[in-house]
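The structure appears right after this line, and notes come after that.
Chain lettering (A, B and C) follows the sequence in which the chains are written, and residue indices restart at 1 in each chain.
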C-alpha cells in the first residue's frame, strides 16, 4: 500500500498545503513527517497546528529540537557568519512566536519512528544533525540502516530528495588473535538496504522552487519522488509581512536555501 | 622508525605502570608510549599514577595520554561536558561508584584530564580509547565488520588502535565491495565501491599491552606478570 | 614628451582595466586621475570613492596619483603618460565641439588639457565591450573604511548582490578587507559573465583593523540600501571576532603586536 513521507516543512504553510492536496488526490491515507516543522519560514504555528490537526506521525527535527532546547548547535553548522546570524535570527523569531502549546508538541516528538522494517528519522539514526548525502561512503550508509535494524531508512535534513539502494555487498576479513599464529578468514555478506531522502516541503534545495516529498509502496517497494508546485509568492509575501528579513523571500523564490550549511556535511555534531 | 608501545586500563595502578615501563625498556626500539585512557578507576587512589604520568621520571618513556571511559565519567560528573549526566549514575550502584571515583582522583588533576584529547592521529593511524562514535565503543574481533569499517571511515584512517574492549586482536579488511544506485530528480547513477585495505587493532588493557612497528606494520601482543593481586574491578 | 589622454565611457565598460594594461605596458613614468564624470538626467554616477586609484596604485606602485594633494617626489621622464578616467554615459556626437562641459570643468580644476580623448564604444583603439544603453540609473555607495569581512559571508553577500537580491544591480565594485590582511578588488558588470575578485598585492599585517581605502559602489535600478546595509552588518567582523581570527596568524609571525583592545 502506498504511503507518503514528508520532511522539512520550515513553517511554509502554502507549500505544506499544496503537498497535502497532492497526497490527498492520490488517495494516500498514511503520511509520516520527518521533522523540521519550523525554522526560517513565516508560519510556524499554522504549520504545527495543521500537522496536529491531520494527526501526522512526526519525528523531531534539528530545528524543532533547537527551539525546545535552546540554541546550542556547534559552530560547524554554519559556514559563514552571515549564515549563522540569519540562522540565529530565524531561531529567536520562531521561538518568540511559537505558542507554548505548539512548543510542548515539538518537545514530545520522538527522535525516530518505526513501522515494521521501515525507520523514519530526521538526519540519521545517530543524530538529528547528521546529513546522509547521496554520495556518502556506501558502507557507512549501509551501516546506518543496518545498525538501526531497518531495511529502508527514510531521512530528511539535506533538503535534496533521492533514493539510494545498496546491494551486492560483502566484506572479507582476516583476524589474528593473541596467542594464535594463524589468522582466520571470514566473509560477511551484506543485505540489500535502502535510504530514501524525502527532500523538503518548505525549503527545497534541489535546484527548483517546487516542494518535494516521496511516496513508497510497502508491497512493491517502489519509491517515487514527487515535486509539487505551490504559490511561492504567497509565502514570500508572508515572510515580508511577518517581519522576517526580505532577503529570505528572495532566497526562497529563487530556490536557494535560507542560509548555507557547512561544506563538510560528513561532520557529525559532537554535542 | 621507532616502535610504539600502546597501553590502556592502568586504573590507578602505579605498580603496573612501572612494570610496563620496565618491560618496554627490555623490548628493543620502543620509543613512543601512548596511554589510551582509563588511567583512573573508582577502586584505588589514582593520584600517584596521575602525578607520574604528568611528571614522568627521567628514566620513563614519556607517555602521550588520551582520555578514556572512566575519565569521561569523571569529567561529565564535574560538569566539564555541559549538563550531561555520566552513564555510571544510571546503574544501580551508580551514585556510590561516582563517589568513589571522585575520592580516587584529586581535583588537582581535573584540568589536566580535561585537556586530554579524544584520540591521536599519527601516520594515518587513529589511536583512541573506544571509537569516534563513542568513547565507550567496545570494538572487538567479533564486532560486525560493517561497524568496524564505519569506525575506520569516520576517522578516515587506515589503522584504528582501540582499547575499550580490552581484547588484543588484529582484524584486517581484506576485500569485498558494494553496489550503490542513486535515483534523484536529475536521473540515476550507479557505482561500485570496494572495501579499502584497513585494519583495526585491539591493544589490550591493564597488564596486556601492544607494541607496533609503523615501518614494518608488525604488531606484537605482550603482557607483564602482575605482581600484586588486584581487587574487584567494579564497573566498566 | 608628456602625453595626456582622457578615457571616457559608461559604467562597467572596462576603462580601468584598459588603463591598467596600458600603464603596465608603458615604459616611462605615468600618472592617473579619475574625474567625477558627467551626469545626465536620471543617470546617477557611481561615487568616486578612490577604488580605481587604490587598485591601480597597488598594481603599479610607481604610479603617480594626480588626485593626491601631496606632490610626488618622482621626476617625470621624457615619455610621461597621464591617463585620465571619467564616467560618461553617452558617446560624444561627431558634431559636438570639444568635451562634455562637466568634464571640461573638472579638468580645469587640475589644470589638465588632454592631447587625445578615447570613448568606449566609439574609438576602435579601445576594446569592444557590450556597453549597455542606460536610460535610468541609481547609484549608492558605502564607506567601509576599517571594516573587515568574514570571507565566506562576503561570497554570499556578493552572490546576492549581483543576482538581484537588493534590486537590479548593473555595476558593482569594491575594495574589501579580509582578516588575514589581504584586500580584494571586487568587480562586477551585468554585461560580463562572472565577478572578478582580484587580490591587491599589498598585504597588511593581521594586527587589527587596516587603515586603507575600503568602499562599495553600486549602480542599478530599484536598489534596496536598507537590505544591503543589514546584510553587510551581518558580514562584518566585530573586534572580538577579528582578534580571535588574527591572533593565531600573528603567532606565526611573532614580532607582530595587536592594535585592538584584548577581549575581556
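Methods note: contacts are C-beta pairs under 8 Å (C-beta built on N, C-alpha and C of every residue); 3 or more make two chains touch, one makes a residue touch a chain.
None of the values given here were measured: they were computed from a predicted structure.
K.L.:
Most contacts: which chain pair?
P.N.:
A-B
K.L.:
State the chain with the largest centre-to-centre distance from subunit A, centres being mean CA positions.
P.N.:
C
K.L.:
Can you work out the whole-Å distance between the CA centroids of subunit A and subunit B?
P.N.:
The answer is 34 Å.
K.L.:
Calculate how many whole Å lie between the centre of subunit B and the centre of subunit C, each centre taken as the average of the chain's C-alpha atoms.
P.N.:
Chain centres of subunit B and subunit C, defined by C-alpha means, are spaced 57 Å apart.
K.L.:
Report, in whole Å, the distance between the mean C-alpha point of subunit A and the mean C-alpha point of subunit C.
P.N.:
Their C-alpha centroids are separated by 45 Å.
K.L.:
What residues in subunit B touch two or more of the other chains?
P.N.:
If we look for residues of subunit B contacting two or more partner chains, we find none.
K.L.:
What does subunit A use to touch subunit C in their complex?
P.N.:
Touch list, subunit A to subunit C: 79-83, 85-86, 245-247, 250-251, 254, 260.
K.L.:
Please name which positions on subunit A make contact with subunit B in the complex.
P.N.:
Counting only subunit A, the residues touching subunit B are 126, 134-135, 137-143, 146-147, 160-179, 183, 185-188, 190, 206-208, 212, 225, 227, 268, 271.
K.L.:
Quick check: in the complex, which residue numbers of subunit B touch subunit A?
P.N.:
Listed in rising order, the residues of subunit B that touch subunit A are 82, 133, 141, 144-150, 153-154, 167-185, 193, 195, 204, 208, 219, 221.
K.L.:
Tell me, which parts of subunit C touch subunit A in their complex?
P.N.:
150, 152-153, 155-157, 160, 163-166, 224, 227, 230-231, 234-235, 237, 241
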